[in-house]
Amino acid sequence: MKNEKKLFFRVLILMVILLFSTSALFAGGKKEGAAAPVQAKKAVSNARFNVGFTSEEAISTLIPDESWQYVEMGCIFWPLVYDQLWIMGPAPDYKPIPMLASSWETKDHQTWIFHLRKNAVFHDGVPVTAEDVAFTLKYLPKSDPAWEFPDTDCKSIKVIDKYTIQFTLADKHGGDYPPVYWTPILPKHVWEPYKDDMHSFDNSQAIGSGPFKLKEFKSGQYIWLERNDSYWGNKPNVGTVVLKTYGNSEAEYMALKKGEIDMIGYNSIDPLALKEFKGVKGVDVRIDPGITIDWLSFNLHKKNAITDVNVRKAIMYGIDTKRLISVAFLGYADPADSFMYKELPDHDPNLPQYTYNVDKAKSILAASGYKDTDGDGIVNDPKTGKDVVFELLGPSDWSIEVKMITLIKEQMKDIGIGIKPKIVDLDTFYDFWYAPDKDEFDIAIGNEEPGPHADWIWEFARSWNNGGEGWNCAYYNNATFDNYLDDMTVQSDMQKRKADLFKMQEILSKDLPYGFLVRYKSINPIRVDQFTGYTSTMGGVSTWINPWSYFNVKPVQ
Amino acid sequence: MKTLIFALKKISGAIVTIFAIVIANFVIFRVSPGDPIRMMFRDPRVSAEALQRMRVKFGLDKSMWGQFVDYFKQLMHGNLGFSFWQKRPVLDVIGDRIVQTLILVVTALVIATILGIILGAISGWKSGSKTDRTILSVSLVLYSVPTFAMGILLLLVFGYVLLIFPLGGISSPASGFTGFLYAKDVLWHMVLPAFSIVLWYVGEYILLTRSSMVEVMDQDYIVTARAKGLRESVIMRKHALRNALLPVVTLSGVNFAFAIAGVIEAETVFSWPGIGRLTYDAVMKRDYPLLQGIFLIFAVSVVLANLLVDLIYSRIDPRIKTGAAHD
Amino acid sequence: MTNAEKTAEIVNRKKKREIRKQKTRDFLYLLMNHRMGKVGVVIIVLFLFIAFAAPLLRTVNPHQTGKVAHILIPPNGRFWFGTDDLGRDVWSQVIFGSRVSLLIGFISAFATVFTGALIGIFAGFYGGYIEELLMRIVDFFMMLPALPLMIVLAAVLGPSIWNIIFVVSLISWPTTARVVRSQVLSLKERPFVEASRCIGATNSFLMFREILPNVIPILFAEAVIMITEAIYAEAVLSFLGLGDPIRISWGSMLHFAFASGTMARAPWWVLPPILSIVILIIGFSFLGTAVSDILKPGYKETKGL
């Protein structure tokens, strides 16, 4: 017995010593690790600005594919490292601002001439010329459909001289903004060998001409950027930007509270988490109008009651948007009634409103013949006699939308419509959502971030049979709508353009292929004890339309 | 001669198994829902021609048999396919992660084995005592806690509440550390994920060492040693433990391969950038070629580990050759 | 068959039934006198009670979303375990979650043991090529790494509890088949089987009336282990987001808590499902340990039976 005890204690003591000695070792290491960034921040010009992303938001390679458009870290990464011809300015007027192109001109809105800056150089020292722009315009849209927009679709491209480029678009480009929006200019000398398959080049150096250059990229861990001191324009006020990846949002929030990061890289925090940032020393919470609009897509390809516009109206009257906002968003959202944000001049203020009204919803259903004939609480389709039950599709990755589905299911029960939630992974969701003709859903909850310059968003409603296949996720067909849409995209008379947009909004509200629900508010905790100069636009301090915080932040003196 | 025949039989068995795994792996992913090419593009505007181009590029326009022949040929050339999500060869994607997983698994298993052997030996040495019962039930309990649940508990307590350890990852991002500092940083990040694995395996090792020890205790040489009047601790170390360790050591061999597969839970909870977390991410992104590649590597490593153990065992324990100890 | 023979047959059967009953009683006696077995049984019975009485034990409908003021609040008099991010009652969710875990556990254990026993008996009884082939298949399945295979299959098949049951059963049956086969190998050489064969019993009679009853204790032990593994598997798969997102289970509760980023602020949402999983698995593994102890030759005698 004695021996056994002795042995036991020996082992125990050994373990404890091991644990403590190693911990002491680690603790030492940790202190040094924490000290390094603080020291760096003292020297103003070399301050390190840390930004957090969750691993779902992180890019895993530097290949310029659709992940630069559809993955959050990609949307932030490339505008910092690459230059664009022009950029949409910050709030509130979102004016186009010259970047790589110092000016541009057009007579007919189809042929455009851009004049480039003469002092722009790539990170490897090679000057940026019209050849690079021509190269990018020619090959980038070909390599990935994500870059293939009407405003980059060129009939011909002509390099006039080293710093002047002229191109003719396939169609006229109307509106206030010039074409070639939000497109990185790639160095021809680097990409030439890979021009036919840009995905075959790993782009591990990420040579661009933007205000930051790549120092180190670790897939799944971080992107480490340094200020480009030979940038032609205003140089950023920080020496280093690190885009860090965290395993989940909780770890990310904790990192911000601890000061490991200064800002959340994309997407508003979950409203539930707001409380934990209140009163944290050195942290300020900004609340900005949102950029994301959530809506229901009604699948008009189905052969059931969802194709009846009265059923869709009843559904819209039956949804208690206020409750969605108060429960799923804790109040941090606004009702939405269009793809167009309410504060923009192109928003039609006289759209019909589907204000929550259970009685009205029920009477619309009753008037159209939908009555609960079998007494099970669910109305029956007058044509088939079957219960009216709809599949409501949503992606499991979007927690707030999953919450809304739960709430909508409860609310639809009150008006006698059954809802069967269909929660799938994100890729399957997109596969189903964009293909209503597969009949995989009756109703789907989806969202987009149109932004202020959003001619593209209306493609969601272009007639399926008239080139709308792809984005049209309601199988909607309306030739009148297409006419207005076609006119709007080429229209350079701003008044006529506005009239087109008003008409389009009105048609959508009446036909209800889409039922608009809410617009997120953006909640962004930021560390103000280290940095100032955070720039807000719609959607918050860091989004695909807002790289400004990265350009403007400066260390607190 | 007998040994050689046995070895050849085992090796050919392993080859057949691997071949079957390759076929199964191919079949499983052909029944997956959704169009793999469509899944490569989130952008809905991809033209039908572009899709067709990609189909031809990846050979998906061919018949099932043609696709299988292609797949097999590519495998022979060490090509595991092309990741939808990362748009690069699956082998490169996995290659980026394998070292991190090995570091984690080796560390965890070494600690678990040592702890398990010590505690199991104590327990078995005095089987039936209070210490034994305590160790036994603690190890049963530990063995019942899923690794991910243990991970969450450790993370909650030591990460969020006590703020002692980092919340995830393998190192401080963009620290610029090199050499010793970097190693320390990595070790510091490894404590929690490693322990969530250790606590699970230590239960298994305790149970195994204990039962092996109990068996050895009845052997004649221990009785003889006791009769000689040797000190208990000497008997334990020199005679009992040495013989009891054999099955435990072999188990670590098999476990090693299985542990790489089981590391998924710990890596997911602690965002450890290894193969386990990669599996989780591949599931989340429904990156079927990547999943397929990961699964093949897992399965083949288990088969090879088993083969190795069989061969080693046959040298140690001659009964196995005749198949007598097979069941 | 003469009357006398018939009577003898009936008496014989009765005797057999009596013996079996006595064996069951002995088994239960031994189990309740086994320290771990007792604890295991108590835990399992408790959870079975919770699962059956769930509609009575719940305080509110676990699916019912709550008022804004009731979102993510700590345990209190009304919500015993607090609420989740939609204001749903965690207590009621845990109560109902037990149903999913037990359902998956029992059905997959049944499917596993049924398939395993069938294949094991066939292989062991017939021997030869059939055995060789079946055992090759068994070896193949045993070689596969379980968790990655389950993850792959669950991802491919889609989220539903029936898929989880299918996946778990598909992966676990070989162990049972192997154990049963080795039992059958020794059983079929026993005198009573030989005797039956001599009086012209058919193969199926021999397999299912003579041999099967004798492997039932082993099957029971296997089933207990399988339940543990199935519960574990459901928890892991649901936690990884491969479970049915609409159905409440302990694993899916953890998944949502983990994904919502509120774990540290709302431990009441995380701890109940974790502890439930752990306690239930402990219950079954204690029971499993006890059963395998009892089935060891010679154990009975040490307890004076």
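Residue numbering begins at 1 within each chain, and the chains themselves are lettered A, B and C in the order written.
The working rule: contacts are C-beta pairs under 8 Å (C-beta built on N, C-alpha and C of every residue); 3 or more make two chains touch, one makes a residue touch a chain.
All of these numbers come straight from a predicted model, not from anything done at the bench.
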Inset, instruction - Select the category (line, ring, star, complete, other) that matches the graph of chains linked by touching. - result: complete
Inset, instruction - Sort out for me whether A-C or B-C is joined by the greater number of C-beta contact pairs. - result: B-C
Inset, instruction - Return the distance between the CA-based centres of subunit A and subunit B, expressed in whole Å. - result: 38
Inset, instruction - Indicate the whole-number Å distance between the mean C-alpha point of subunit B and the mean C-alpha point of subunit C. - result: 25
Legend entry - CA centroid of subunit A to CA centroid of subunit C, Å: 46
Inset, instruction - Any chance you could list the residues of subunit C touching two or more other chains? - result: 158, 241, 258, 263-264
Legend entry - Contacts with two or more other chains, residues of subunit B listed in rising order: 33, 160, 268-269, 284, 286
Inset, instruction - Among the residues of subunit A, pick out those that touch two or more other chains and give their numbers. - result: 248, 250, 254, 425
Inset, instruction - Name, in rising order, each residue of subunit A that touches subunit C in their complex. - result: 248-250, 252-254, 270, 272-273, 275-276, 326-328, 330-331, 396, 399, 402-403, 406-407, 410, 421, 423-425
Inset, instruction - Please give the residue numbers of subunit A that touch subunit B in the complex, ascending. - result: 1, 3-4, 7-8, 11, 15, 22, 25-26, 28-30, 32-33, 36, 50, 55-56, 60-61, 63, 65-66, 69-70, 144-146, 148, 199, 202, 215-216, 218-222, 224, 240, 242, 244-248, 250-251, 254-255, 258, 397, 425-428, 430-431, 434, 470-471
Legend entry - Residue ranges of subunit B in contact with subunit C within the complex: 13, 17, 20-21, 28-29, 31-33, 137, 140-141, 143-146, 148-149, 152-153, 155-156, 160-161, 257-258, 261-262, 264-265, 268-269, 279-280, 283-284, 286, 288, 291-292, 294-295, 298-299, 302-303, 306, 327
Inset, instruction - Could you pull out which subunit B residues touch subunit A in their complex? - result: 33-35, 38-39, 41-47, 50, 85-88, 93, 96-97, 115, 118-119, 122, 125-126, 129, 131, 159-160, 163, 167-177, 181, 184-185, 187-188, 191, 232-233, 268-271, 273, 277, 281, 284-286
Legend entry - Of subunit C, residues touching subunit B in the complex: 36, 139-140, 143-149, 151-153, 155-156, 158, 178, 181-182, 185, 228, 232, 235-236, 239-242, 254, 258, 263-264, 267, 270, 274, 277-278, 281-282, 285-286, 289
